[in-house]
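Please read through the structure below; I'll follow up with questions.
For clarity, chains are labelled A, B, C and D in written order, and residue numbers in each chain start from 1.
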Amino acid sequence: MSTNITKIGVFTSGGDSPGMNAAIRAVVRTCAYHNKQCVAIHRGYQGMIEGDFEEMNARSVKAIINRGGTILRSARSLEFKTPEGRAKAYNNLKENEIDALVAIGGDGTFTGAMIFSEEYDIPIIGIPGTIDNDIKGTTYTLGYDTALNTVVDAIDKIRDTASSHDRLFFIEVMGRDVGHIALNTGIGAGAEEILIPEENLGLDRLLESLEKSRRSGKTSSIVIVAEGDNIGKNVFELKDYVNEHLPFYDVRVSVLGHMQRGGSPTCFDRVLASRMGVKAVESILDGKSGFMVGLLQDKMCLTPLEQAVKGHTEIDRELLRVSDIMSV
Amino acid sequence: MSTNITKIGVFTSGGDSPGMNAAIRAVVRTCAYHNKQCVAIHRGYQGMIEGDFEEMNARSVKAIINRGGTILRSARSLEFKTPEGRAKAYNNLKENEIDALVAIGGDGTFTGAMIFSEEYDIPIIGIPGTIDNDIKGTTYTLGYDTALNTVVDAIDKIRDTASSHDRLFFIEVMGRDVGHIALNTGIGAGAEEILIPEENLGLDRLLESLEKSRRSGKTSSIVIVAEGDNIGKNVFELKDYVNEHLPFYDVRVSVLGHMQRGGSPTCFDRVLASRMGVKAVESILDGKSGFMVGLLQDKMCLTPLEQAVKGHTEIDRELLRVSDIMSV
Amino acid sequence: MSTNITKIGVFTSGGDSPGMNAAIRAVVRTCAYHNKQCVAIHRGYQGMIEGDFEEMNARSVKAIINRGGTILRSARSLEFKTPEGRAKAYNNLKENEIDALVAIGGDGTFTGAMIFSEEYDIPIIGIPGTIDNDIKGTTYTLGYDTALNTVVDAIDKIRDTASSHDRLFFIEVMGRDVGHIALNTGIGAGAEEILIPEENLGLDRLLESLEKSRRSGKTSSIVIVAEGDNIGKNVFELKDYVNEHLPFYDVRVSVLGHMQRGGSPTCFDRVLASRMGVKAVESILDGKSGFMVGLLQDKMCLTPLEQAVKGHTEIDRELLRVSDIMSV
Amino acid sequence: MSTNITKIGVFTSGGDSPGMNAAIRAVVRTCAYHNKQCVAIHRGYQGMIEGDFEEMNARSVKAIINRGGTILRSARSLEFKTPEGRAKAYNNLKENEIDALVAIGGDGTFTGAMIFSEEYDIPIIGIPGTIDNDIKGTTYTLGYDTALNTVVDAIDKIRDTASSHDRLFFIEVMGRDVGHIALNTGIGAGAEEILIPEENLGLDRLLESLEKSRRSGKTSSIVIVAEGDNIGKNVFELKDYVNEHLPFYDVRVSVLGHMQRGGSPTCFDRVLASRMGVKAVESILDGKSGFMVGLLQDKMCLTPLEQAVKGHTEIDRELLRVSDIMSV
């Protein structure tokens, strides 16, 4: 392994997701294992500009593997979008003798990383941390599996009340550009319909489906709606629309919101974070730069950052069919 | 014990709450224990009018103690508000030889029960099932303790993301007329401020408190808002107001919504439901009618229904003070 | 309030319980609220002897209200049982100008506190932190409510497998001297029998009950056994005994063990901890010493430590009857 | 698709696992979707011999997707191991016009299925339901992901108390022949050492590792031990051994036991169960027999039953290395 790397910086940036702390821990401990120093950079790119650094050792990251959020915090940095801001950041890194970076975040984070590593000669490896699972080069992003379970738990609770009152619920879940959360939690929670950005079911088909569902003897129904659904109506508008056309339904709305981003990570996310942290640090020590670590076909892989940020992982069309069959 | 009672009907009405199934189970099994028959009435007063009855035995209620919602379902009944509707209901009860009723629900349910038992000679005992804890004559209503934990779990998750991004969150919780949920979950989740119907903190004081909180070094804050808060603004309006006056805060909103009503009941709610079910049936067998069972000073008690529906249990003023001290 | 107190020490001792961190936070913040200093003493009495102290302020205790265990840790101290050890402890307190103590723990902790405060003139107030609920002067000890839910969740899972295979399970829960956990979780989880230290059901009655249960159509059964049950056999011996006498049962055993002590505290425990912390500090400032704070009839109260450690809160006999009726 | 299949039977057999109910639901609904009849066979092979059958329709399986265990129950059948038993079973199937079978279970279940389908001309497709993840032909068995989370939750709780008291815990988790659960939960819960059947770490290395851990400043430690560990000692013997050789450790033991098999399935297991149920029924309709459905590289696949029961999925050696690095 490369011996000219002696100190690695690690930071989180963009929206937080469960498993980020486990990834920070893994980066810090892999550095310790290889006798490299590790520096935590607080508040992402902004902290890099402000020199908000902290020396880490293996014990600094104890008791965080099970905690949601990120102990390094995250922040938007308009300043990093300017050449002056990036120059300041680079100077701070050099002053602190940081030789390489591990960036934990989503596509905004990786875009910043690419620009930075093109301008300055500093190796960067990315770890995909976002609940939306919207990054190419990994079947699972960090936090996605936890978010699926948080959403399913919430819908299970709503179903209790839906069933008790013969109600129809429109439940909005996260996913502005991709329907992974909606599609998987819809199947997992036994939803009657799932509205996602990738598919335009159409309002007529929705009404038809709800009518059929009622005729088939179902007395309550759950419709999962991704934030970025393609039907052109949000959950409140959908409620009004259905109220008007299917007056026999008692329609309610629930927007799950920010709780989807938090919580103690699942075992899967903790293991994934640990694997990604090891792979990220060892890739740097191996002389790599400009890649994102990811899980493809159950194995750790590297994907160039420029590919990772281009477009999204596609949803599995098989799941759309499974959903259709399950709501027979 | 009274021997002229041979068959007892049980139903749930109004909003569902966790623990209702445990209470149904307790009613059914206490009947079996005393060699009385028990009939389940589906969909509350509406099912009574339609004769939607089912004979129950001890085994009918197995594996429901841990399930949210109500297996008997609930429904609004406009018809029961008419003398004709109530006459139909009474005739169905007589035809099925039902001698007495256990009504599980909130104040609407009990108001119906009082009118019915005044018109017709049928003993009724109420069990308070509602998450809002807004009924006199019991320190805890069924489902309240479960709802507190559901809310605190959700806020814990939101705090992960609030802390990671230095954000201010307004979180709306249930409680149209009383602030029990807001006050207890606010303390339990470590909220900086709690807005409840019983207290008018005032917008100036809120701003002042948030400014002080920021100055004291807190980088993120949670404000819990009861649905029926007295400040005259909902969570979205509060967000706009604070955005305008304290622009340094990144303000977000979350409405927890219907998930607060569901979920597997806590141990406390299951035990409470079991005690209430026993007390309700044995009170009927003891010749009582027109009472609600309740928990007062850790003991099962009876309170006349007419008192139970008058006003709400008051919040504990001590808790307001505790909340103030905790957000120092 | 008393003005000659300027610095209060707080420590945890004995077995840990969920809510201890919330109580530490409450003590620290109540001190801050009253402009008093607060010092954390690590590892209980042993840390007092070794001078393992840390100055605390309101921010020192952020983000701990939801965490199990105790950030101050706990330790056995044989040295504190000697006059020399206690002298060292007192000298350390004086050197650090600590005027009073809040002791969070169980009866061992309180016994030490009584001896110490008799020998040396230092005010001490106790907060009852133990999952067993075995202390007089409070209806609920800190952590008890959380433990009930942890146990019920575990039994719910075991019941899944019990029901799927028509099995009889003996499940051992904590409670060496008192049956509170066994009795409440037994009712909450729908157990067929509950064996506690306070009652000697007898082996014949147990066999009879299990036979009756099988005849009544139940295909699986759960028997909850408190560690300190009075029947003279542990869960493994009970299994062998039943295997021999009721061979038609497929008997299994589960010892829930140490997981019962951990976990994020329930809302109830967090609120209780907050109330107790406020009451403890304000009692000291009010000139009190030698008392334990407690919850009696929903209100904060003080009980002399010497009464608190004498015997246990008795189980509610009504619950034994409820359990009997529920397993009809 | 094949039109000579008109009625499909479904059953669960062997140890239960979370997700079995979701799989039953998926089988029933896929039948309904393709206008085929579906019959539930209760209590596995024994119910097949006794003719314990039940007609199912799409509504029969509502509200079970989130429930642990199996509504069809499971049972051992010695009789099915005899030719006479299998003949009875076959006759019952024919009498009820059941044309094909979906068998949900582990390797014992599949071995029975292979023998049966060789003797009698009845198509059988298997769905792998077991928490141990010990079946070839699928990266994940049904229930495995749920079990991982149940175990990690329990260890998180134990760690609270371990950290509070500076203790060393040996925790036994399921896995008689394979270490998947131990290895993944060990990494997920941040264990210092993981003992699995596939690796013989050796007692010397264990002591050395624990000594190093203590020297490195760790005050508490968790060692995960698979039931079938290769070190030749169970958790109680390990405790005694370490007590003898490393007396400075306060060693405790916890056997997680049967709770690992139960609980509401995770989103992953519910989706996997749904996909497997669809694939199983459609494979039958496609004329296939003697295969097990599985997830390989994120896609549904078929593996001959005879291969599925031969040996186990191997553990990922990369994870052993990750575990080593994480406990630096």
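FYI, contacts are C-beta pairs under 8 Å (C-beta built on N, C-alpha and C of every residue); 3 or more make two chains touch, one makes a residue touch a chain.
In this text the structure is predicted, and so the values were computed from the model without any measurement.
Student: Name the chain whose C-alpha centroid is farthest from the C-alpha centroid of chain C.
Tutor: Between chain C and every other chain, the largest centroid distance is to A.
Student: Measuring centre to centre with CA averages, how many angstrom lie between chain C and chain D?
Tutor: 35
Student: Please tell me the distance, in whole Å, between the geometric centres of chain A and chain D computed from their C-alpha atoms.
Tutor: 28
Student: Using Cα averages as centroids, what's the distance between chain B and chain D in whole Å?
Tutor: The answer is 39 Å.
Student: Give me the residues of chain C that touch two or more other chains.
Tutor: 156, 159, 163 - these are the residues of chain C that touch more than one other chain.
Student: Based on which chains touch which, is the overall arrangement a line, ring, star, complete graph, or other?
Tutor: ring
Student: Taking the complex as given, what residues does chain C use to touch chain D?
Tutor: 12, 15-16, 18, 20, 67-70, 73-75, 150, 154, 156-161, 163-166, 169, 252-263
Student: With touch defined as at the start, can you tell me which chain B residues reach chain C in the complex?
Tutor: 25-26, 29-30, 32-33, 58-59, 62-63, 65-66, 139, 145, 148-149, 151-152, 156, 159, 163, 184-185, 187-190, 216-218, 264, 266-268, 270-271, 274-275, 278, 297-298, 300, 316, 318-319, 321-322, 324-326, 328
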